[in-house]
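Encoded as structure tokens, here's the structure I'll be asking about.
Order as written gives the chain letters A, B, C and D; numbering starts at 1 within each chain.
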């Protein structure tokens, strides 16, 4: 339903890049969950631009929770987070109002909103709106952690540099959640950062692949038709700007396998039913099987680049060239991982609440 | 919402593989659409198993439309299609009731439904349920065609054999919709069929990649947050059993591109605003831009294989080995393409009806 | 969402009065609920016309459950009930196709469906479609009874004759569920039946008021905004054809009370928190308080009467008179009570499943 | 879906009586609608307490629109209105935290939220949250007016005093929208105000009946099953605190009518198809027929009264008496009418957008 995601637990998102503020409403959250503002601030810091590898637009993201929290705990009624926009520099954008930036939504927004759209900095389409998503996700991630459900995302690939895969899920997730740049291998991290800086120095940008692992999910959550865990997670993941692909388990590599290699053998370990491999990414028939949920998204190269590009003036309907000024990210893959954690938490919390009821997150 | 997909236009799915019948309810369809039963039968035939490359279970799919059609046209009220199950052979399955077939949903269904699930032939999880999806999709595909919106899917890759990409969308889509085995290149087709037969002869199975193109979609359809066309399409596509990945445009290949190559330059051709490349798959910011919508799914190898596999008895909680008998598909990629066409039609029709109103499909 | 009601637990309705069959899909029901076909048949019998006070159209309602039940119990996947239409007599209706029957939906259906609607016997608008609603409601009523939640409806008023109010809820509900004509007072029952027969003999019809009590609902179910128990129940109740009003507790009589009389004093009885009166009908702030839920609906007089009426031919746009032939109910209030029980069960089950999870109805 | 109402067009509500602020997000609104802040302020003034007949809590309702409006017009993306809470006086409430106020939601909130609820001044249950509803309703009312759809509500009855019925809809609606106290008859108005003041002087409160008329709705809007206009309107209306009944057309009076009087004869006037009476309130089979939509709600007497009441301490589980201090409304019927107009606009706009598409409100 447009700007609301989720059924039993839902998030409604609002705001524009250069409007007064952006925010989100989280509904359906259990009452009595401790809200740790430092944890929210930490998550927001992971999304925030930093150093030469990000935009120069700096936002301290001074969020305010204006409803749904009382005496430090959730009330069970809608929790609203507001984040004022600071450091907006709208004059950067007006000159190019009718020039479609290639790879951006300028022209599609114009087709949909007939020119009434707020075109400044991408308006409602801006990646800036992921900040409140990260904030509500942070609250859910803390609550899920209390239930033993942990989420972590690393940059599996960036600018043709690959990170090592997950190894020890528990330790790797813990490591990632304390790192500003989420690579598991320090050598890969340095190469990726260098590659992003190189792209920046050329006025260009790079993309990458984010891989997420979720451990601790109970088996038996999700639906066979149409609300499979793959369906609801991908619905949420494709809402992240720049995501153009989602794959679970071995994903597209399954195309070249045979059934006898792709099928995960099932076994009993420590009295638990497990699979010996995890080509299915912890999901069979749309439903969790108790193994780690594993998926990857591809983040396209940031469309805002400084090189001159061919485009059109979509109001005058004539050809044009465009050279962007302003402040832009040479890569967003390292920032997007915080968003990926957040929407994962939202989608899984919704499935859990549907399955186990509204009090699930605070039940013993 | 579980077994219902869509908002303004929706499909509800029901039935089990070895129950009395399966079916679907299509709601929100415009009144006055001609329902061509031959077109439905044709689409069902494309999904039906055939030859050595499919299961020996033969179903003639004698569907009945029992509501929502009057005098050959849709009434605008719920259209219900029923397909009786024939040729069910339930004794194949009872012996292995508590043995989890690797890659299947037996164990996850048990976790979710506590043993009350209909375990025969996969029950509600069976690919058999895609038949009514294909039937309702056929009605929508015919209606969309009247609006100039055409959908076609080819087997981009199967068993390590690649098809050629789309070339002339209009001609290719027309060609595919008349082919039982949906490859664009005849040489590739022969190699793929041979590879599937080889896998069958070894008691094994293969997977593949399906690529879909949609032409004629108006620009300006979809939502920035959370109901992007990528989000709603992937939600529908991941409902297809065996789909483990979805990518739009250049998809995962975008990870290694730079912005200057990935951005699609915009131009004016014949007074229309177009992009010179289509790395974004016809979607910017979640909204259609008027270019062909292009996406791929990966279909994992059919999990039902004849080779002996390690597994567990999940009721007794003990290790076991499993050798499947019965009838199975050595590949389903060639059958799944009819399902992919169908869910594409459903997801796009829903977005169009939300945008333009309930009469859209019959409006001039 | 049009022909689907409910979120966590939902019902989808389809069919037309003179089509091949009508039916409903119940989704979100817990696995493992025993399905008692005799209980369903009993509930359908309470909705079925009988004697001089109902239409001469006789239907035995030979329902079939074609999905979602296995070994006599719900599987947890969609449960589909089909009821074939028998005894249809379509030639009764064709002559008057373009004459709007006053009080019916003929003209509004024409405005909405542009002439493609199935006009025979009211088509999709027919009260006939309440039969599958009653059938799925019967399954839920049996399951709710296992949880101690009992539902009963009596004819509080009909043709200016009043029944006595509920007295001993437990005994009264039990009594009602065994009566074909649901009045609590036998004298009132006789007078109501006589009044309905009198109306029938004059070619006219009468209306009435149905009062429902629900006991055993746990306190704390419902939502403050938008999905209050009053909101969701009334949403379901106004779906019953002929219902034109819904009131909870003392309802419209509250308009003339003062706060000091209308406020229900709160007390402790047998360690339970109760209210001494129940002007609020068991609901405060949209949420159940543990007292009996009490509400009334008004059922308008059956619009099908034999007297000549002024109307229009809506296709020719000219004045006309209309004298109905065929078979009609001089009252439906006595049949509608089975429908009211059913939709009450559906709406409350949905709220309970949202609150306590999908297994609620079978949890200890 | 809990705190969100509507499908194609929706409103999400948040906040608590004594929190930092309250607000609403309106999604699905057409782009390009002029937003007249004076019209919003006017509507808010009609809801605001005034004189001896309302609470002494005065709020100037200085709303801020923080998203979804650009250059004075809607953008088509979520429109968010925030209203800070001023003049909160939380110490009034802490002493009585565990004493259930009869007729209020204190105890049911405790059952639902386990003690985590914000109990100050009713928290999220407070009538204060209707202010943002009125604000978003104002925007929609202005837009609907541009389409010729006008909404007006009068106090049909208050404290046993009756107003005259609607007479000339157009003139009456116009009159009401300029009156602070919405009675059509000035004599009735004086008597009602006097009766409210009398109740106030006795520390008591009174209720009433609100009657709403909507003119200009096109015929053919609404759904036969489950989303009838009666269903969706009542769903919205029962969200208004204190509403305990909703009736359409002649409502509960239909119980005592015969079909021959209750059926509205149909005729042609000025080439339009009309009904000569309007016992059905402009709706047949759940769908608008082009006549005025007419309905009434009952508003129970304000539960906050100054007289001593019997209640319980629900934490200690012991009997108690309660004497409220603080500021309270001796009636809210005169304030609730602005809310009734607003939710009517929201529910009808949603139905119109579903029917005619997202651009309906700005289409010629």
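Just so we're on the same page, a contact is a pair of C-beta atoms (placed from the backbone, for glycine too) under 8 Å apart; a residue touches a chain by one contact, two chains touch by 3 or more.
Just so you know, these numbers come straight off a predicted model, no measurement behind them.
Looking at subunit A and subunit B, the chains that touch each of them are C, D. Between subunit B and subunit C, two chains of identical sequence, the interface residue sets overlap for the most part, with shared numbers making up over half of the total. With centres defined by CA atoms alone, the chain at the far end from subunit D is B. With centres set at the average Cα position, the gap from subunit B to subunit D is 45 Å.
The mean-CA centres of subunit B and subunit C are about 38 angstrom from one another, to the nearest whole unit.
Taking the mean of the C-alpha atoms as each chain's centre, subunit C and subunit D sit 27 Å apart.
For subunit C, residues that reach two or more other chains under the stated contact definition are 1-4, 7, 13, 77, 112, 124, 224. By the touch rule above, subunit D contacts subunit A in their complex via residues 1-4, 7, 10, 12-16, 19-23, 25, 27-28, 31-32, 64, 66-68, 70, 73-80, 82, 112-118, 123-124, 359.
Residues 1-5, 7, 13, 100, 102-105, 107-109, 111-112, 124-125, 129, 157-160, 199, 204-209, 218-228, 230-232, 234-236, 238-239, 241, 243-252, 254-260, 262-268, 271, 273, 275-276, 279-281, 283-290, 298-305, 307, 309-312, 314, 317-319 of subunit B touch subunit A in their complex. Subunit D contributes residues 7-8, 77, 224, 354-358, 360 to its touches with subunit B in the complex.
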